[in-house]
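The following pair of complexes shares a single chain, chain A, combined with chain B in the former and chain C in the latter.
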Partner chain A sequence: MSVLDLPSNRAEAWRWADLGGLAAAAALEPVARADAAPYFLDLPGARLLFVDGVLDEGASDLGSVTLAQLAAGDHPLGRRAGGLGWLLRLDGQAVTDPVQVVHVATGRENHLAAEIVLGEDAAAQVVETYVGAGWSNRATRVELARSARLMRAVRFLQGAGFVSVRDEAAVGQGASLVTTFLGAGHAGSRIDGQIVVGEGGYAEVGGALLTAGEQKQECAVRVRHAEPNGQSHQLWRAVAADRSVASLAAAVEVARHAQKTDGEQSLRGLLLQRTATVNLKPELEIFADDVKCAHGATVGELDARALFYMQSRGIPKPRAQAMLTRAFVADSIERIGNEAVREAFAADADAWLEAVL
Partner chain B sequence: MLKIDNLHAEIDGKAILKGLSLEVNPGEIHAIMGPNGAGKSTLGYVLGGRPGYEVTAGSVTFDGQDLLEMAANERAAAGLFLGFQYPVEIPGVSNVQFLREALNAQRATRDEKPLSGGEFLKLARAQAAALEMDAEMLKRPVNVGFSGGEKKRNEMVQMGVIDPKFAILDETDSGLDIDALRIVGDGINRIMRKPDKAVLLITHYQRLLDYVKPDFVHVLADGRITRTGGAELAHELEREGYTQVAA
Partner chain C sequence: MATKNAEAHAAVAKKYEWGFATDIEQDFAPKGLSEDTVRYISAKKNEPEWMLDWRLKAFRLWQTMEAPDWAKLNIPSIDYQDAYYYAEPKAKATIASLDELDPEILRTYQKLGIPIEEQKVLAGVEGARKVAVDAVFDSVSVATTFRAELEAAGVIFRSISEAIREYPDLVRKWLGKVVPQHDNYFATLNCAVFSDGTFVYIPEGVRCPMELSTYFRINAENTGQFERTLIVADKGAYVSYLEGCTAPMRDENQLHAAVVELVALDDAEIKYSTVQNWYPGDENGVGGIYNFVTKRALCQGKRSKVSWTQVETGSAVTWKYPSCVLNGEDSVGEFYSVAVTNNRQQADTGTKMIHNGKGSRSTIVSKGISAGRSDNTYRGLVKVAPGAEGVRNFTQCDSLLLSDQCGAHTVPYIEVRNPSAQIEHEATTSKISEDQLFYAMSRGLDQEAAVALIVNGFAREVLQQLPMEFAVEAQKLLGISLEGSVG
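Moving on, here comes the complex of A and B:
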């Protein structure tokens, strides 16, 4: 399969996808391997280091993770990632320390599949970090049995290239899946997700995409409530500087018998310069009649009155802009439950602001 | 301390200040009164350095420095404080974070050491207590969900923490009930009534002047000062109205 077999922007789900950027990333010349050590947080639990999609065994501690042949689905990008991947499978009631995965890319393209399968009442946390350059493509399948709980935090810190992730998740009865993304590097990205929520299940998916220069980042996530009494929250924030483009497409689908579904969508964009672009597409497809679905979508600039107010108190303009922008993205990151992870992500967002403003 | 000479300023090409001159010395409290639309708030914003207000002629010096050449945050660091008629709400930024950042930015500009978290909190709590503001409110986002009176009180807490040399207070009395007016008035006296400090009170009504006695009262009409007097001028204005007195 070559990069030429990419979907077309004419298809609605790929309308804002930077397919050219993806092909360009795959052609990036090899670069020196980045040191992964700073990207592992000081947490107990398994540590996995993948270099160009291949496990560096010497630098990894697998814990309860195994390597396995994983099938990929039929998603146009995700299907490329089938083959040997990492698998976290927990039996009922099992609880594990956070699993940290650092993906280092050194140019060209790399593909990797993952599966997270949690038994009844099992609980896990997974933190993933992407660094380096090239096209990193991932397909992750999540399966949560009754009352299982998974918290995932994923950050894109690649200096160049493109990161594409395809997530397919099934949230079982009363189970809970919380996924937070942070795009704070210089690479393009596409977050592609399909989450199916079962009876009384809970799904949160969201995060912040921070773009600058000529960068393009986007999310295209669909939450489907297949059974009654489910809850979902999609809270996305996009901050775009220079001539960059951030696109947020979030859909909620409520099946005919999925009564009492509570779905919330909040998509907000902030333009740091008028040359930047934020695209928003909230989508609701509701076939049940007794549901609560709230949605909001806004794009704006920093509040000039607030900027002057802060300056009049002595805060220099760039710092005032950073504080207001940070406040804008704060609630998307604050959803991360683990304090160390939350602080690391907040520090990445701060570093991005520091560099851009 | 502050010297305004023949100041002309406009917004969107519309002239608002038309040759305003005023001198304020250390230890003095000046009140600027005038009808709506006379240019009172514009004067405050021009002195504070708000973007969009264009000075077309005249000069302003503050302690001998050209104020108009300085960025808004540099004016603050030089000791100028602008109390807002409509304090701005800033969701997601707490009062503590905002004020500590402001104070330490000013201190950095003046080559002073930053205050530690503990030192700062002690100072902020003391100022909140003096203005009868619940210290819990310091943890809340800046002015978000505050009543009109609470916002004005918060302006005074900020002034107390920052401890400026010169304060321009724009309609600080609006939106205050009689108790809050006394608390705010006491605050202005406590923080600013000092031999090395000065205040410019911009107000529409004389009621705040019952608590903060001005040394000079100026009438601002159509972009310039048309009359100057002592505290008694405020009462005359209250009795007879602006049209009579300002003419």
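Moving on, here comes the complex of A and C:
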């Protein structure tokens, strides 16, 4: 990879991007392959194990997923991921068990494309987990036909390196897309998203980025309402410890004729040490007049009064801090519909909090 | 809505009232921009050597820079060689009193309603506040009033060219300290070719006895105006400064690239109010002023305070981010803005609050009103440095959309590096509620009055920050900019 191909921090969309981190991750020496088994949840349905972007057929059960040659769009990072990737294509009315994908990286860089195409009224769940070390780069294209429903949960648990994901989603008429991210590993990350919401469509994208050490994690997600009556929610939480940087950039765009759009953004950052940084950019770009769009953004430390109250009720300070921080993060992963998945994500977040606090 | 809008747009045809041009003889610098232009301006101003060097340094720097493109503005590339950088009304070498001022210029300001004749103010309603005015006509300051009274209080209120000659040490100490020469493309250009502007110095412990005001007027064709304002408030000083601007209606776009620097030392307070009403172009977006302004305040002292209030109704393109660098402990920065865009206007405006001092606080209230086919963007940055304990910021950005062809955008950046900071940001976007409109009309207001009432209510938090004389003008302006454009 040539660093010269990467965009520069001078470009607005890449202002907070850790482009040096990408190059450093790609140069990581190979490491032993991590055991993927603990990362598969006890759920029925397809299981895919990719090692450095290559399917481990022995350890996978493809179910309704196939492998196919996929185009990867023209995003500066996403376009590197074109080629053989995984494809979940469901016909109308079809419903499938959760699809679990575990990506194990063993150093250097790996790229992989994916496509999820749901027919009318089809419903699917996808759970993705990133472990190992190195630079894992993904491009995922999602296409939802009328009234289709997709719930996607993605967690970054890599011990080192960088995970970059580029999502491009088209939410059809009355369809629903709920995507939740959790960054609770030690690798850097960048979530790039472009979601186009059709008439009466529903899109929810959010999650929690938990950063510590020298880590840099960020999201740059744009929801575009192209048709009337759409609804979108972006709920992001960032917790930054040590010298880490968490950046949340979320944009809502309402096209000229997308009247009656309801767009909501909530970005909140929590700083655990004075050396940490949280950057927020809740952006609204509105061209229609009959819309309801609001955003709220806050950064700060834990509420001193709440902390004091809990201590006065006999809860030791570290525990009170942990409880409040946990509640702060909980909002963002509560949206995961599948209970087993939600609990697994909550457990990952808890493990992170315990290690850091 | 559609029919109401039609009526509305008919009513909006109210014309830009300040669009006349004044026919006076003027001296121009040769067209185009080169080192010679810079030398010409400097020589015209009779500037000391250090000033010329400073300008040339900026000019050489500017040649290596590129125009910024991150703003949400659609501007054709500007030919910097196709403009005059200096235009001066041909007049007597020195003016002893206002009587000697070119009557045409005096008439221009009378037409604009700017009281540069001291008597007019003195003979005004009893109890009316006095306002000292510095009038800048194209590239030159033509009149500064109430000098004697201000001097008695120790206040220096001068055009900047005079100040460079009369108070070189003071100017040199602060010029370019808030907005450095290499700050940005337009500021650097300004450093090289700035023509005139205002210099204010309020000495320690002095409360400026009257409002100070500068009125900027672009008159000549094909001319850019590059004014430079520097206000220094020494320890414990207070000053309220007003700025107004207009330009004739012309078919080509004219450039206005200003730099405003404010310095507030310990316990000083500066209140800076702007009513910007440059010619916005016609309803098809032909003509109008390109307004690229760098305004920045340095709250250097403890408990210093700077308050920016702006009402932006004019200009074809506005690119303006009045900012506060809050270095002082417990210093305070405020930004109150109403930006109105109509027809094809584009505004990308907001503020930066850089918190470096402990306990520094800032408030941002921005109200964007878009009508016609315009675009209105709030772009702001709140930044908290690691050493700044106990920082507090509250930001509120509201947008009102008055047509289905316009755009309202909000791009706030928040960068926090200290956990004790409390940063809050809220934003909403809406149109005028039909319920509110219906209610106001059911109480006997006609549609236009009802809309004006609601819009004024929407902008009230900002308007009430303005000094009274300005608030009245601003309210009137809001009405004219929008009259009937809603329904």
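Everything that follows uses one rule, which is that the second predicted complex is superposed on the first by the 354 of 357 C-alpha atoms of A that agree within 3 Å, B and C clash if a C-alpha of one lies under 4 Å from a C-alpha of the other, contacts with A are read in each partner's own complex, and residues count from 1 in each chain.
Basically, a residue touches a chain if its C-beta (ideal position, glycine included) is under 8 Å from a C-beta of that chain, and two chains touch if they have at least 3 such contacts.
From a predicted model like this one, the values you see are computed outputs, not experimental measurements.
Enquirer: Look at A:R256 in the shared chain and tell me whether it touches chain B only, chain C only, both, or neither; answer first, second, both or neither.
Expert: Second partner only.
Enquirer: Using the superposition on chain A described above, determine whether A:L271 touches chain B (first), chain C (second), both, or neither.
Expert: In the superposition, A:L271 contacts chain C only.
Enquirer: More chain A residues touched by chain B or by chain C?
Expert: Per-residue touch count on chain A favours C.
Enquirer: Let me test your reading of the model: by the given contact rule, A:A288 touches which partner, first (chain B), second (chain C), both or neither?
Expert: A:A288 sits against chain C, while chain B stays out of touch.
Enquirer: Between chain B and chain C, whom does A:I315 touch in the aligned arrangement: first, second, both, or neither?
Expert: It touches chain B, and chain C stays clear.
Enquirer: Thinking of the overlay built on chain A, is A:L324 touched by chain B (first), by chain C (second), by both, or by neither?
Expert: Touch partner of A:L324: chain B, not chain C.
Enquirer: Name the contact category of A:L22: first (chain B only), second (chain C only), both, or neither.
Expert: In the superposition, A:L22 contacts neither chain B nor chain C.
Enquirer: Which of the two partners, first being chain B and second being chain C, lies in contact with A:V356: first, second, both, or neither?
Expert: A:V356 contacts neither chain B nor chain C.
Enquirer: Figure out whether A:R305 sits in contact with chain B (first) or chain C (second), or with both, or with neither.
Expert: Once the two structures are laid over each other on A, A:R305 reaches chain B alone.
Enquirer: Pick out the shared contact residues on chain A: the ones touching chain B in one complex and chain C in the other.
Expert: In chain A, no position sits in both the chain B and chain C interfaces.
Enquirer: Using the touch rule from the top, collect the residues of chain B that touch chain A in their complex.
Expert: Residues in contact with chain A: 48-51, 71-73, 75-77, 82, 84, 87-93, 97-99, 101-103, 105-106, 109, 158, 162.
Enquirer: Give the list of chain A residues in touch with chain B in this complex.
Expert: 303-306, 308-317, 319, 323-324, 326-328, 330-331
Enquirer: Which of the residues in chain A come into contact with chain C in the complex?
Expert: Counting only chain A, the residues touching chain C are 12, 256, 259, 269-301.
Enquirer: For chain C, which residues are in contact with chain A within the complex?
Expert: Its residues touching chain A are 70, 72, 384, 386, 399, 401-431.
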